[in-house]
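Each in structure tokens, the structures are laid out below.
Look for subunit A in each of the two complexes below; its partner is subunit B in the first and subunit C in the second.
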Partner chain A sequence: MKTISKVLKKDHLKSLLRKLAKDRQLVAPVRNSYGDTLFTEIEALDGVEIDLDNQAQSSLKSFLFPQQQVLFEYSTDQGSAPVYKAIDSDGPTVFFGLRSCDLAAILYMDVIFLKEVKDPYYRQKRENNILISIGCNEPFSNCFCRQTKSGPFMEYGFDLQLTDLGDRFFVETGRAQGEEIIQQWAHFFSPASKEDEKAQYQMRLEAQGNFKRQVLVDLAIRKLKDDLVPEEVWSKLSSRCQDCGGCAYICPTCTCFTINDRKISTDSGERIRTWDACTFAGFTTMAGGHNPVDMKQNRMKRRFMHKLYYDVKSHNRTSCVGCGRCVDMCFGGVDIIKFINMVGQGEI
Partner chain B sequence: MDSLPFVDVMASSTSHVGKSDMKSFEYTFQAEITNVYPLTATEKLYQIQLIDPAERQRFTFKPGQFVMLELPGIGEAPFSISSSPIRHGDLELCIRGVGNMTNFLAKVPRGTKVGISGPFGTSFPVGKMYAQDIMLIAGGLGLVPLRAPIAAVLENRSRYGNIDIVYGARNPAELLFTYQYDMWRQFDIDLSIIVDQGDDAWDGPVGLITSILAQRIAAARDMKKNTYAIVCGPPVMFKFVCDMLMKAELPMQKIFVSLERRMHCGRGKCCRCNIGSTYTCLEGPVFDYWTVMNLKEAI
Partner chain C sequence: MTNSINEIEHSQVILVSGSNTVKTHPQVARRIFDAVDSGASLIVIDPRRSPLARHADVHLSIRSGSDIPLLNGMMRVILDENLADDAFVEMRTENYHALRDMLYRLDMDEIVALTGVSLDKISRAAKLYARAQNSVVCYCLGITQHICGTDNVQAIANLAMLTGNVEKENTGVDPLRGQNNVQGACDMGALPGVFPGYQSVADPEVRHRFERAWQVSLPKTAGLTVTEMTHAASDNPIKGMFVMGENPMLSDPALGLVRESFANLEFLAVADIFLSETAAVADVVFPAATFAEKEGTFTNTERRVQLVRQAIAPVGESRSDLDIITALSEKLGYPMPYASAAEVMEEIALLTPIYAGIFYDRLAPWGLQWPCFDREHGGTPFLHKYNFARGKGRFVPTSHKPPSEPTDAEYPFVLITGRSYHQYHTGTMSRKTPVFNRECPEGLLEIHPLDAKTYNIRAREMVRLSSRRGSIKVKVTLTKTVNPGSLFTTFHFAEAAVNELTVAARDPQAKCPELKVCAAKIEKLET
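So, the complex of A and B:
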């Protein structure tokens, strides 16, 4: 599809969002009263500060794959079948202000949930979405999306991608829905001039050089593939792991879950699925008490290998999108950047 | 930015998700526990029948596959089927009471309604084994998934060569399916049983399964050409038994093992049963030994 390029004045942004939010839900990074920036569902745009200067601390994972989701309800009356919850799609939702890493994470979740056996619960939340992403001119302190090939700007997957050019946004379309937005609310957009295109190109080039950390992802993948990682790397890192699971919960691509039944009353209940984390000992322990992934060290290995090697093998991409959220999250300092560089540089 | 492979999954699947999609994803057959037989102090054999006769007849599986058994309000767990495939939706599951769900199951009466979904996973290729000798090696509860291929083989007994069952258990009280041993022997099956610890009534051999396996291997025809092996047991057993089979020159691709992993979804999503990038629920639980050797930390 040919990309359409437009320019959107920053003054027009809120008006455009207001139009989009009229018959849709709007989710955007909002700075709350505690000073945290989180992706939030916006009821009314007035008095809300959409924060595009900081990285949102949460990802969009919980909107598409909620931390706790009721799959269906059932009653245990003799012979009655479970009552499946209506699976009408969630109303159309606009996700505004997601970064390239967030977008890459959604594309990864699409593969996990929708390839081969399609997961209807994910799908009902995923369809009817409009994704308006914004490229990162100035990557944040722990970002390394350039090395995971998921940023700082994306080439596809978005409906609209914005580039901040000071007083205006450069707007590109990626999918048909984005084009429709531009056509429907054409009065907000003006045609992109040659200068705008040049400025955007310049911005993208500069962004590549603005990364603050050097993370040797490709090198690490190669070493993991050839199994050149000494055991000491795992044992050294895992000795600092506190088993909190924070890394997996904050990760935009960690989609492990567990399924439980919860009783509502004596003869009815519901089945829920909840986020889980592969760093927990109970994650793989079997009924007899045997755990094939028995030590903390092996669980950590399993997690990092999954992110950086197994997914390269099976889906041709790392499931680490380089957002750096787990680096901020881990108070034991078992961060993926440290790991990648330890492996990449071969220092223990 | 260089290319990140992009699969536009949303665009490629245009049809709307209907309620039927949801049903097929979560589709559970209504079933009923028709009989419960205690086998040992902890294991029981549950006969479970799909309630709808048409569904019962349509339900087909292959030996080695597993089903998800659902107890409303308690949970859902995978169990390998230990009945013959020709019995379709008249299933038999042998279950040890160890956890929340299985201990609850041990207490439910006959006639309890349960849910069955599946069958899932890969199976033992008994059809490929015609005219060959088969060596079935089970340790402890490993006999449970092996009972389906044993039944399948018995039904076509004349098509196969010699059949050896080598079964090891901790003590005579833990032996499963004892009532069937005579029947198996009548079908010209060499059944050798060994226990780690005998008791007063036990007059069979005592020791490790490998000692009795060595005898059976010595008695076998040319292993390299004529034999298939099916192995299931506790994790420690696999390595010793498979090493022994390979020393007897049995090719790796003719050894089949059934691996156990914790599973929650059975559809390759919950990311629990994977060994490396291989999902036991989709690509297993039955693997040939060649594949297992190439999966790190599989056994």
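So, the complex of A and C:
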């Protein structure tokens, strides 16, 4: 599909979002009163500060794959068979202001939840999404998406991709829905001039050089593939892991979950699915107490191998999208950048 | 803490004593790791090889209850090596001669025998600590939960003053407080001898101020501490109790005594968010609201008063603690018509000098660290900058006091109690959470593989663990985290309630129970 290039004045962004949000939910990075920027469902656009200057601390994972999701409710009326009640579906949603890494993460989640086993709960939340991403002219402090090949700009996957050109956004379409928006709200957009195209090209080029950290992803992948990572790396890192699961929870592509039944009353309850983390011992502990992945260092190994090697083998891409969120999250300083560079530089 | 948590990151030497920091204070452990990454040295004093001890430059694996001889030994090395901060000692402290005389009389061989730590290690730790510009001590319940808890803390204070490690940024003495608001509870006078802000009930001027504010006459003598009440058994002078957010029927030592004390009450009311073991025996239970359902403040370990904002309305019939207290007070004939938690804070500011500048409108977003003396005051990141609260720091020599219950032929093991990462205290909250229960479903008794071999016990075998006061069944895990002759388990689990076994002995001054040492034995269960 040939992309259409347009220009949208920044002054008109909020008005456009208002139009799009009329018959859809709107989710965008919002700066709250604590100074935290989080992807937030916006009820009313007025008085809300949409923040495109800082990286959202959370990814969009929880909107498509909630941290805790009721799969169904059940009740038994005195001895009769349980009656299951399915959960209502959400309406269409516009996700605005996601970064290339967030977008890449959604595309990865699609592979997990929609490719072979089609997860109805995910699909129901993923259907009718409009994804409006924004390229990163200035990557944030822990970003390394260039090395994971998931940014700073994307070639596909978005409906619209914006590039910040100062007083205006350069707008590209990626999917049919994006074109429909441009057609339906044609008066918001003006054609992109030659200068605009040049400026955007220049931005994309410069962004490649604006990363603040050097992260040797390719080298690490190669060493993992050739099994050249000394045991010491794993034991050294894992001795500082505190078992909090924060890395997996904050990760936009960690999709492991567990299922529990919760009693509501004596004859009713609900089945819920919650996020889980492969770094927890209980993730693989079997009845009777045996754990095939017993030591913490093996659990950490499993996580990093999954991100950087198993997914490369089976899906031809890392499931680390280089967003850097886990770096600030980790209490023990056992983050993926540290690991990659320890392996990459052979520093041990 | 005399410091702020972030300062630990910039210390050159960190001495951690009696704290399983990685499991119990992960956010502090994070700063310690960061400091170690940037080149700081780490000294850990712990009978167990805790996760933090594995990262230590020097791990002093002492016998539980031998902190004072160890710290005295370190101070003696400091004197011998001429590493004391003479200027600080001269200008900011008093009674130094008493400490010095005591240290010079020490027999180092005896110290090695008492602590089980080699002289070389003691000496290395002492030199590391004393030579750095900024050394900080973090300690926790492994120091305080002994019959000599107060003296243990005094010994740490002696060490810090002797080396001048108190007055500056990134250096100090940091007791790590556990619960989100245990510091706040103490600040507010939830202690028997003080009004809010550690103002003594014995001081007539202070008492008069509170009497005027509250329009009542107030007692001039200190009340009882918790374990004095829960261990009084049949002599209990207390007839009625109101317990808020605490579960002594599982958390207090010597549970046999606790049960008897509660049974002898005429009336017990409990306010809690779940029906805890203590609430289950109450005459009246008030359903309390959780943190998300109320407004107020929590004061954390670095003395930071932080705002809690209500996120949702109280669920069901639950009510906030403030609501419960004011409603109860009104029924008792003393109306307390506070319109909001902010109004209570205004009264705190009025009556409590260290909180005098703390008002709700100043607390967003990051709170204030007391002492904060007026509205212009920006709070205090670290304490004792120009002088100590009492003026000069006083050295008080301390000497070894053996644990209340020595091991013997019948009870040959030292039993230490503590906590795990995925459960919290008596599990009132955490045991209702599926993932935590999966990660840590039951209490495990840590035993050294050599001891397990002696008793012919295999991993995950159920054994009987007994002391002179009771016995429980508990599953065993073999680990070199504990030394031979020591056992360790957690107190989270009612079905393996280790506090059935622990001793009732207390520190005579702080009345803190000796939860870290008791003599115990293990037996194989007949199958």
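Simple rule for what comes next: the second predicted complex is superposed on the first by the 334 of 348 C-alpha atoms of A that agree within 3 Å, B and C clash if a C-alpha of one lies under 4 Å from a C-alpha of the other, contacts with A are read in each partner's own complex, and residues count from 1 in each chain.
Definition applied: a contact is a pair of C-beta atoms (placed from the backbone, for glycine too) under 8 Å apart; a residue touches a chain by one contact, two chains touch by 3 or more.
These numbers come from a predicted model, not from an experiment.
For the composite obtained by superposing both complexes on subunit A, the positions of subunit B and subunit C are free of clash and fit together.
Look at A:T258: by the touch rule set out above, it reaches both subunit B and subunit C.
When the two complexes are overlaid on their common chain A, residue A:D276 makes contact with subunit B and with subunit C alike. Superposing both complexes on chain A places the Cα centres of subunit B and subunit C at an angle of 80° as seen from the Cα centre of subunit A, in steps of 10.
In the superposed model, A:L160 lies in contact with neither subunit B nor subunit C.
Number of subunit A residues touched is higher for B, counting subunit B against subunit C. When the two structures are aligned on the shared chain, A:M203 is found in touch with neither subunit B nor subunit C. Using the contact criterion defined above for the overlaid structures, shared-chain residue A:A104 touches subunit B, although it does not reach subunit C. Legend: residue contacts after superposition of the two complexes on their common chain; A:R240 is shown touching subunit C, with no touch to subunit B. Superposition on chain A leaves subunit B and subunit C with their closest Cα atoms 10 Å from each other.
Subunit A residues in contact with subunit B (one complex) as well as with subunit C (other complex) are 258, 260, 276, 285, 289.
For subunit B in complex with subunit A, the touching residues are 1-11, 13, 16-19, 21-23, 25-26, 28, 30, 51, 71-77, 96, 98-99, 102, 113, 115, 141, 234-235, 260-262, 264-265, 267-277, 297. Residue ranges on subunit A touching subunit B, taken from their complex, read 71-72, 74-76, 78-79, 81-82, 84, 86-87, 89, 104, 107, 110-120, 123-124, 126-127, 146, 149-151, 153-157, 175, 255-261, 263, 269, 271, 276, 278, 283-290, 292-293, 298, 305-306, 310-311, 313-317.
On the side of subunit A, the complex with subunit C involves touching residues 33-35, 239-240, 242-244, 258, 260, 274, 276, 280-282, 285, 289, 331-333. Listing the residues of subunit C that touch subunit A in their complex gives 22-23, 26-27, 29-30, 33-34, 37, 51, 54-55, 364-365, 421-422, 434-435, 438-439, 460.
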